[in-house]
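What follows is a pair of complexes built around chain A, which joins chain B in one and chain C in the other.
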Partner chain A sequence: MLSEELVDLSRLQFAITAMYHFLFVPLTIGMTWILVIMESAYVMTGKTIYKDMTRFWGKLFGINFALGVTTGITMEFQFGTNWAYYSHYVGDIFGAPLAIEGLMAFFLESTFIGLFFFGWDRLSRKQHLLVTILMAVGTNLSALWILIANGWMQNPVGAEFSYVTMRMEMVDFWAVLFNPDAQAKFVHTVSAGYVTGAMFVLSISAFYLLRGRDVEFAKKSFRIAAAFGFASICSVIVLGDESGYTVGEAQQTKLAAMEAMWETEPAPAGFNLIAIPNEAEMKNDFAIEIPWVMGIIGTRSLDQQIPGIKEIREKNRERILSGMEAVVTLEALRKTPNDAALREEFEQHKADLGFGLLLKKYVVDMRDVTPEIIDKAVADTIPRVAPLFWTFRLMVAFGFLMLALFGAALWYSIKGNFADKPWLLRASLWMLPVPWLSCELGWFVAEYGRQPWTIYGVLPTHMSVSTLSVGSLYGSLAGFIGFYTLLLAVEMYLMVRFAKQGPGSLGTGRYDNEYAHA
Partner chain B sequence: MLFDYPTLKLIWWLLVGVLLVGFAIMDGHDMGVGTLLPFVGKDDVERRIVINTVGPHWDGNQVWFITGGGAIFAAWPLVYATAFSGFYWAMLAVLWALFFRPVGFDYRSKINNPTWRQTWDWGLFVGGAVPPLIFGVAFGNLFQGVPFHFADNLMPYYTGSFWALLNPFALLCGVVSTAMITFHGAIYLMHRTEGAVQRRTQTAMLVFGSLLLIGFSAAGIWLWQGIDGYAIVSAVDAGALPNPLDKEVIRQPGAWLANYDKAPLTMVLPALAYAGTLAAMLLAVNRATLAAFVASSLAIVGVIGTAGASLFPFVMPSSTDLRSGLTVYDSVSSHLTLNIMLWATLIFMPIIIAYTGWAYKVMAGKVTAAYIRENDHAAY
Partner chain C sequence: MDRRDRRLRRELILLVIAKLIVLTAIWWLFIRDVRVAVDDTTAARHFTTAPQGETHAQ
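Up next is the complex of A and B:
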């Protein structure tokens, strides 16, 4: 049995490094298309200002991109270093999209980013635009494959367990590829990236306009960001709703937990706008409910029920009992692999094997299982409600706040008088951190809501880790925190410095703040 | 499916080899450049010349490393799981050394302050020198066997320490690997520079080329005389579902050289290591630097190929529970996954090579002091 401390530290390290990585990813994803838009304007109009925009915003994009690459390698290492049993158990399925990501997407993105920065004088205008487009395509395809891998963790389709190899094996690659969970997640996540890129350009442009600097440059940038941002935030919200629907099919548990829905209500269920969940008594102490909404989002119907937490727990109890049989027969089968009767019995319970493995958190030998342990395992199957309930609501609130901002920004861009609206410019500046917060909250909901599993229903988190010493984990955790703090300080220093200096940093002689390259 | 399971297992052994060699040739040359940076560039302009020879390419090259890792995850999940978790601190050292590269390249010249720039120069040195050193040390340990075993549910347990990895033979392999990568980087750097930087780089090239030849020979003799190899003594069913616990392995003196008896054609590999290195040195001295780069790339094929062919069919033998040792037959993914990954590689690898070649063509030519001055704001 692996110590709980080891499992918790492994989770903490993964959470810290993944959330840190995702400070840089969404901006990269969004900025690539904004650069494509700006450069297309340059190629079509031939106006130098659009080239300068591409180069200046590209410079900030590059500062961010460097840390995205740095922290991305950590993620690929970490499955092997800290989640060795996970890597063995599902590598047959999970490894493939990661490798294909490298081949199809990451090479494309990384090769062309070099030409994006260094190819200006060596390529024709159209060739350079093509380079920028290929870089954007590579970045977005990269997100696609990562989310196919992640979607499979939430909804493990197209795979079966083999007792000979003791792992999950792929049986249908197309099912993994076209996993509805992955597809909805992909569009939701890249759209969130587009919003992040748009907010970044909008905020910094607003800053120049408030200072009355580089006005033409800032106005053109602001308009592009407003239009792109508005389209993207609409996509985020619509596709977020689509994720809600697919979650309803594959992961009712997550949905029930993030909605604090203890009982199965008659269809269509209401949506708890605000509630105070009480985990001990499995009820809400207080709730403001909007009738019908949850049922419609979750099932796309008026007559289908969404199961509440209590009903899910009782279903899971049965699966744990059946899973216990699966574990017992599997362990016997490993000793006598040719016993046909055992094999047949295992096949009967195989679908619940993952639920049986939940008991391994408490016992090594299934003969030691007591009713109390089963109760504990049943309780484990529901993630903690309050953190999910609140982070989800905060994310949604931020989403609508950004919808309002981008709506206003677009409206006044069309009217042409946004630069005379200090309140709009100030709101744009102050809301700079909001998309990052929303992205992090969204990932928290997605991954914390999957607990106690790494692979939903297949492999519990507590079995997924590497058999390292707790001391090693404290050491590596300290190392990561140290390195990442330092890197963030350096990155923020450069980012703030160049954002403040503005397009003058290009050294073209056309902009304010053209002090020497200091 | 195009190939049966036993054939696919062998193909994937070759493909992992191809990816490793691709990584060493492509990412290797910019790591070598990073290692040489503080020594062959005497002032800021010279250092910027050195950095900008790889400036547009290091990121694309690094993907060889990432894709290699991903391919091992997908094709050999047990190797990925066991090696990365077992060599925990070594892997973190590689990772943390690699941290210095993206930021070193991108941030170094954005601030005009000597301390800032010199700090990043040494960062690029660490990012260039440490990974090949550790990969060499890791290979050195593979030859001696790694202390790990599997529980019955195939959970890997590593029972050694980090310090035990740093034994004399492994350190020698680390020297060979670092010398090879630095030598290769020096040849690339000679190709892209001129004048004083090129002259200093030539000296380094001759030193590291010689070190590679001596180290490679010494490691070969040591392997022949002083290191016991491993051999499978039970019947191997290459088509069986992979189960590493289902075999019998013994430790045997000279086992690592047995393959050269069984398949004498493999002698080509060590021969290529020598011939490639010598030819590269000769060509580079005569300023046929592009041909020299091809020759040093072939030397890399020879060195890595020699290591792989000697170990075959083992990938990662165990020194403490011999049957747990991982081989090309029993650490692999399912037939379906290997097949899908083969197709993905066959489709995308030629495309990658084509656009990488184009990127190098666009940026071809010597990097000069005039280029750095004209592109003060945009160049690294």
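Up next is the complex of A and C:
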């Protein structure tokens, strides 16, 4: 059995690197399409200011890309070192989208980013616009393949366990590709990236307007960011709802924990707007409930029930008992692989193998399992409710706050008087960190809510971890944190420097502060 | 491309090189020797009976 410290450290290391990585990613995703919009305006109108906008915001995009590129590679290191059993068990499926991402999307993205920066004097207007569009497509394709891999971790379709190779094997590539969880997660995540890009442009433009500098440039940038941001935040909310629906279909445990639903209520279930979950007694000490809403969001119907945590626990108990049989049969089958009766018995319990493996946290041999150990394993199947409940609500609150901001920004942009609204400009400036916070909270809900699994219902987290020394994990953790913190500090320094410099940094002679920072 | 753009380009190139050096150093220090070889036999031991006696680097 592995020590809990080892499991927790491996999880912490992966979580920290992923969260640092995702500080860079959403801005890259969002900025590419904003650049496409700005450059399209330049090609259609021929106005130089749109070219300057594309080049200036493109410069900030370039800084973010240069800082962010390779930050994801440390996670790939970890698949090999910290998660060797995971990599063996599901590498056949998980590896495919990662490889396609590297071969197809990453090369496409990198090639066109190079052409974007160095092609201004070598390509025609339309050719350069095509390059910018392909850069955006490449960036989004990158996200697509990564999220197909992650979607499979949430809802492992199109694969079967083989007792010969002791791993999951892909049986239906198209099921993996068109996994509803992956598709919902993709559109929700890239839309969140678009919101991040829009907020970035909106905030910095608001800063220029508050300072009364580069006014025309800032106004045009602000309008584009307001329109794009409003469309994107509407997409995030609508597609987030779709994402919630797919969670209700495939991950009932996560949904019940996110909503602090302890009991199975008559359909349609109410939505706990605010609650104080009491995990020990499996009830809410206090709750404000809105009738019907959860049932409609979670099932898209008025007559389907959403199972509560207590009901899910009892179902999981049955699956753990069946899973015990699967593990014992698997052990026998490995010794006598041609025994038809054993094969048949294993097939009967195979779907619950992962639940049987939950017991391996407490015992080495299934024959040592006691009712108390089964109780512990049953309790493990439910992630902690309070962190999920509150994190999800905070993310949603931030989403609606951004909807209000982008709504107001768009409204006053249409009316043409947003520059005379200092409160709107200040709100736009101070809301700059909100999309990043929302993205990180969203990932917390997705990943913490999947616990105790790395592959939902298939592979428990504690069985995925490599048997490394705790000391080496502390060492690499410190190395990763130091590395990422340094990158973040350099990113902040460069971004602030060039944002303060403004479009004057283009050296065209058309903007304020032209020579102030030369 | 003016002087400031050239400076930014130089800074970003240096930064990417520095990143590659740091990543290589991290790999060299913490990753290179950490080999947890898993095949169907070790996986079977891990997932069914005791993983006792397995030999792993570090």
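Miscellaneous remarks
Throughout what follows, the second predicted complex is superposed on the first by the 515 of 518 C-alpha atoms of A that agree within 3 Å, B and C clash if a C-alpha of one lies under 4 Å from a C-alpha of the other, contacts with A are read in each partner's own complex, and residues count from 1 in each chain.
Throughout what follows, a contact is a pair of C-beta atoms (placed from the backbone, for glycine too) under 8 Å apart; a residue touches a chain by one contact, two chains touch by 3 or more.
All values derive from a computational prediction rather than experimental measurement.
Annotation: superposed three-chain arrangement on chain A; chain B versus chain C shows a clash. In the superposed model, A:Ala184 makes contact with neither chain B nor chain C. Once the two complexes are overlaid on the shared chain, A:Val364 sits against chain C while remaining clear of chain B.
In the superposition on chain A, contact is made by A:Gly507 with both chain B and chain C. Once chain A of one complex is fitted onto chain A of the other, the partner contacts of A:Ile148 are absent, as it touches neither chain B nor chain C.
Judged by the touch definition given at the top, the superposed model places A:Leu468 against both chain B and chain C. Between chain B and chain C, B touches the greater number of residues of chain A.
None of the stretches 45-53, 99-107 or 207-215 of chain B clash with chain C in the superposition except 99-107.
According to the touch criterion, the shared surface of chain A, contacted by chain B in one complex and chain C in the other, consists of residues 62-63, 66-67, 69-70, 73-74, 77, 80-81, 84-85, 87-88, 164-167, 331, 334, 466-468, 472, 475-476, 479, 483, 487, 490, 494, 498, 505, 507, 517-518. Against chain B, in their complex, chain A makes its touches with residues 55, 62-63, 65-67, 69-70, 72-74, 76-77, 79-82, 84-85, 87-88, 91-96, 98-104, 106-108, 110-115, 117-120, 122-123, 162, 164-167, 169-171, 173, 331, 334, 466-468, 472, 475-476, 479, 483, 487, 490-491, 494, 498, 505-507, 517-518. Those residues of chain B whose C-beta lies close enough to touch chain A in the complex are 55-60, 62-63, 65-67, 69-71, 73-75, 77-78, 80-85, 88-89, 91-92, 95-96, 98-99, 101-103, 105-107, 110-112, 152-158, 241-243, 333-334, 336-337, 340-341, 344-345, 348-349, 352, 355-356, 359, 362-363, 376-379. Remark: chain C residues 2-5, 8, 11-12, 15-16, 19-20, 22-23, 26-27, 29-31, 34, 36-40, 43-44, 46-52, 54, 56, 58 touch chain A in the complex.
Within the complex, the chain A residues that touch chain C are 1, 59, 62-63, 66-67, 69-70, 73-74, 77, 80-81, 84-85, 87-89, 164-167, 327, 330-331, 334, 357, 360, 364-365, 463, 466-469, 472, 475-476, 479-480, 483, 486-487, 490, 494, 498, 501, 505, 507, 517-518.
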